[in-house]
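Both complexes below contain chain A, partnered by chain B and then by chain C.
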Partner chain A sequence: MTDVLMAILVAGFTSGALYALATVGLSLVWGSMGMLNMAHAAMLTLGGYVAFTVITSLGLPIAIGFAGAILVGAAAGAILYFAIVRNLLKNDKSTFESNVMIATVGIGIALENAILLIYGGQPLKQPVSIAGAFRLGPLTLPWQNLMIIAVVVVMMVVVSLALGRTRMGRAIRATAQNRDAAQLMGVAVNRVYLQVLMLSGALAGICGVMVSSMTQLSPPLGNDPMLKAFIMCVVAGLGNLPGAVAAALGLALLESFVQYALGARWGFPSLLFVVIAVLIWRPSGLFGRAEIRRM
Partner chain B sequence: MTDTRPMSRMSRSAKTDLAISLLLIAAAIALPFMIDSRYILGQVVLALFYATIASQWNLLFGFSGIFSLAQMAIFAFGGYATAMLCFYFGWNVWAALVPGALGAVLFSLVVGLACLRLTGVYVALLTLAIAQTMYLLIVTDTECFVMVGSVCRQFTGGAVGFARFGDLGTRALLRAQWLVGNYAIIAVLFAATMVFTYAIVKSPIGLAFRALKDNPGYAVARGVNRFQAQLLVFGISAFFTGLAGGFYAAHFQAIGPGVLSMSQLMFIIAIVVVGGVGTFWGPLVGTVVLVLADELMRESGEFRTLGLGLIIALSVVLMPKGLVGRFGDLVRWLARRRTGPTGSNIVQSPAPAGK
Partner chain C sequence: MTSAVAKPPVLQLDAIVSGYDGLEVLKGISLTVNAGEFVTVVGPNGHGKSTLLKTISGLVPLRGGQISIDGQRLSGKPHETAMLGVAHVPQGDMLFAQMSVLENLLMGAYLAPDKAEIKRRLDEVYTLLPKLADRRNQIASSLSGGERRMAGIGRGLMMGGRILLIDEPSLGLAPLIIDQVYGVIAELSKVGRTILLVEENPARVEDLADRLHLLDDGAIVWSGKPAELMARDELLATYLGG
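So, the complex of A and B:
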């Protein structure tokens, strides 16, 4: 019994950590710019494939593979800003929310398909993986899962330090609180947007490497974690980072319990029922502030 | 005398719409006589389905501002309901179409109720999750429901879906010309959808939808019932979407989970975005352009989806109002040029005289 419980907990915490990383990337962009990045899934996939190329095809060490995924992810974020976001911000503010969503959907499809054309549809093995397990009395903890949790925790600390302690982080938080006031106080809002998208792209890159190390590399790799990350964002309230992490862990544990108890196919629907229940009870999420919109 | 004047005198835009409709009807009647290729006629029928779904999504998003991503789920619901009624109860397809559409309306009302307190992207995320759940539950369904011969069949049809449950009866009636018959039926469906949508958009209900989209707070303060209006628009758009789903299943004599895939939904969104969000003719223009582009890209095979994605992104950035909006800009620009500086004097001169 403890074996089963342990397996469920390990699986739940590992996927929870992965979802948290994906959720933070999404939530950061939403919180500071009111933009829902539908291309996040494709950016996740991109990170996984970049690491694969660097490590397997070029034969470079794993650390450089990680660095490559981070750099390419950040570059993808920057390209997204210059090609799409900057142009849409010039238009009417009220249409930005839906326009940017549709545009990033298009970018996401194009990117996923470009990856499919370059690498082909067959699943590839992500070289970033550690065999074996850590034994502690009756408990067995695979090193792979421990590594993922460790990497995610490190990333969370890095992100919270970057947001809490640096000048850039202060500018991001100011923009998130009130864009106009931040601009009036001399914050270069456009530069903040660029930084946020690059940061989110870098997070997506790492997340993609981690997700693909648990399964395999395939072009639609990012879609499943992203859909779940969306759900977690909504449950937590879009834009709330600590809430997003809490919701990611809670829902991932729930998912792995349901998958064990009722079978794998009910994992996702159970998340959906939680979301609907939460949204009926609190329309702006568990930890979200009810937004007062001026007409 | 004065009461009848607004009735008898149509506004200019209504006249334009009427002229376009008459032209389109003439073109639609002439089309089967001009096209010999079965392939092209088949693609035209498919395009009419896309245009019908897109026009209803436009009613929901363009006119009412509800960013629902459950459109294909509602379409699939109508199609599945029709197919299942025929498959399990042996109904005639024609008898099952309206019950299927009503089933889709019920499903859509449930979705609408779940979205009632939400705004903007929250609606999009919830409806996307609902559609994705429906897809996953159908694809992963492996429990045997009935045995057909020696083959196990799932209640929802599983990953394969339903086939051979009947057709529209055109094959028995028209033999080799059955495709023309189906074309006529689907064209009438599309025309009916457009006429009904036009009536809705121009009616007080349509104004209420638009008021809620433009400024919800002000609209509610002026006495628009948000609860009623939002459920109404979900129900109306679902009826025609579900009906189109039923006809789709009957035309292809098959329906499977493929219609729920992300790329199908994106194609519909692309149609509306390229054509023009919130314009009456936008979905039709978008369908023509995108189906043609799709056919051209078929030559280059694998770049099709890539091209589609780029078209969506570029048209949002370059033409926020779509092709119809750009066309309107062009017409206004030409009109300004034609009247020119002398023309503007003529336009202005009656105003002081009227005083």
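So, the complex of A and C:
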């Protein structure tokens, strides 16, 4: 029984770590810009393919593959800002949220199809994997899962330090909390938006490498984690970063337990059930605050 | 009250026009604030006082006329206006609610050149507003109304700007707290800070302001010394309801 419980916990924490990484990227963009980035899934997929190309086609070390995924993810965020977001921000602010959502749906589809054209639709094996397991008495912990959890923990610490301790991070948080006040302090909010999209893109890139290391590379790779990350964002309260991490871990553990107890097909419906219940009980999410809009 | 004789102008407004969507709120306002001077704009609610400050700081776009700081024309972008030394303490404080008092103050010094300068400004603010030092680790949303106002002023001071724009500092506060807030503003004026303050009640600034402008329906209808306005019962009755 203990090893079954441990297997569920390890699977839950691994999925939770991956969801947290995807969720933080989404939540960061929503919280600071009011933008739901529907291209996040495609950016995640892009990261996985970049690492694959760097390691397999170019024959470079795995660390360079990681770095490539981070850099290309950040560059994709920058391109998204300069090509789409900056121009939409010049228009009526009240239409930004809906327009940017539609625009990023298009960008996501285009990117996914570009990947399909270049790499084909056949699943590919991500070379970032570690065989074997760490054994401690009756416990068996796969190195691959431990590596994923470790990478995600490192990324979370880096993001927390960047947001909490740096001037750039303070400007991002200030813009998220009160955009006008941040501008009055001298913060160039457009530069903050660029930084946020680059940071989110970098997180998506590394998330793509991790997700594909557990499954396989395919053009729709990012869709499932993106959908679940969105559910977790809503459960936590859109824009709430610590809440997003807590929701990601909690829901991933729930999903693992439900999959074990009721069968794999009940995992996703259980998440949907939770999100519906939360939206009825607390429409602003578990950790969100009600938004009052002056009409 | 400070003497402004032969002091150079810090802020100059030349026939500025601004508003929201189809509504024109400011209809050609011109005024000057000289170095070290305390100038107040008074007027009833909804006649453009806050819009005036927001237009100067760039939050509301300028539609006509021009605004200069130290002779340099403003671009209309709020962050560039802040770089030129305009420190706006907005109505309702607009603090960063989920940040601590200290983080709010540090955001005020966002453009400060180095850590030594930030520390100097922080020491200055804590000396003037010692309660902020006691509350430095408290989350801004948990502060009382008076403390929030002090934090807003402190954050404005941390900007180390050429001019402080203060929007209705007495709004929503108990009389005792209003006295404390104006006590701090009086201290700032004494040490030579250049201040443009908007207020509904002219009695609040009677002993503080060097000059006063009366704003009505987006236009300046009278200018002079505060004591002169307080002696004009017909003006007070017509524009400020007595």
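As a working rule, the second predicted complex is superposed on the first by the 295 of 295 C-alpha atoms of A that agree within 3 Å, B and C clash if a C-alpha of one lies under 4 Å from a C-alpha of the other, contacts with A are read in each partner's own complex, and residues count from 1 in each chain.
By definition in this document, a contact is a pair of C-beta atoms (placed from the backbone, for glycine too) under 8 Å apart; a residue touches a chain by one contact, two chains touch by 3 or more.
This is a predicted model, so every value here is computed, not measured.
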Inset, instruction - Tell me which partner A:77 touches in the superposition: chain B (first), chain C (second), both or neither. - result: neither
Inset, instruction - For A:280, decide between first (touching chain B), second (touching chain C), both and neither. - result: first
Legend entry - Broader residue contact with chain A after superposition on the shared chain, chain B or chain C: B
Legend entry - Partner chain(s) touched by A:272 [first = chain B, second = chain C, both, neither]: first
Inset, instruction - Return first, second, both or neither, reflecting whether A:231 touches chain B, chain C, both chains, or no partner chain. - result: first
Inset, instruction - Once the structures are superposed on A, label A:36 by its partner contacts, choosing first (chain B), second (chain C), both or neither. - result: first
Inset, instruction - Classify the contacts of A:208 with the two partner chains as first (chain B alone), second (chain C alone), both, or neither. - result: neither
Inset, instruction - Classify the contacts of A:113 with the two partner chains as first (chain B alone), second (chain C alone), both, or neither. - result: first
Legend entry - Intersection of chain A interface sets (partners chain B, chain C): none
Legend entry - In the complex, chain A residues that touch chain C: 167, 170-171, 173-174, 177-178, 180-189
Legend entry - Contact footprint of chain B on chain A as seen in their complex: 30, 36, 83-84, 87-88, 91-92, 95, 97-99, 101-111, 113-114, 117, 223, 227, 230-231, 233-234, 238, 264-265, 268-269, 271-272, 275-276, 279-280, 283-284, 293, 295
Legend entry - Partner chain A, residues of chain C touching it in the complex: 57-59, 78-79, 82-83, 88, 90, 94-99, 103, 106-108, 110-111, 155, 159
Inset, instruction - Would you pull the chain B residues touching chain A in the complex into a rising list? - result: 61, 67, 114, 117-118, 120-122, 124-126, 128-130, 132-133, 136-137, 140-141, 215, 217-218, 262-263, 266, 269-270, 273, 302-303, 305-306, 308-314, 316-317, 320
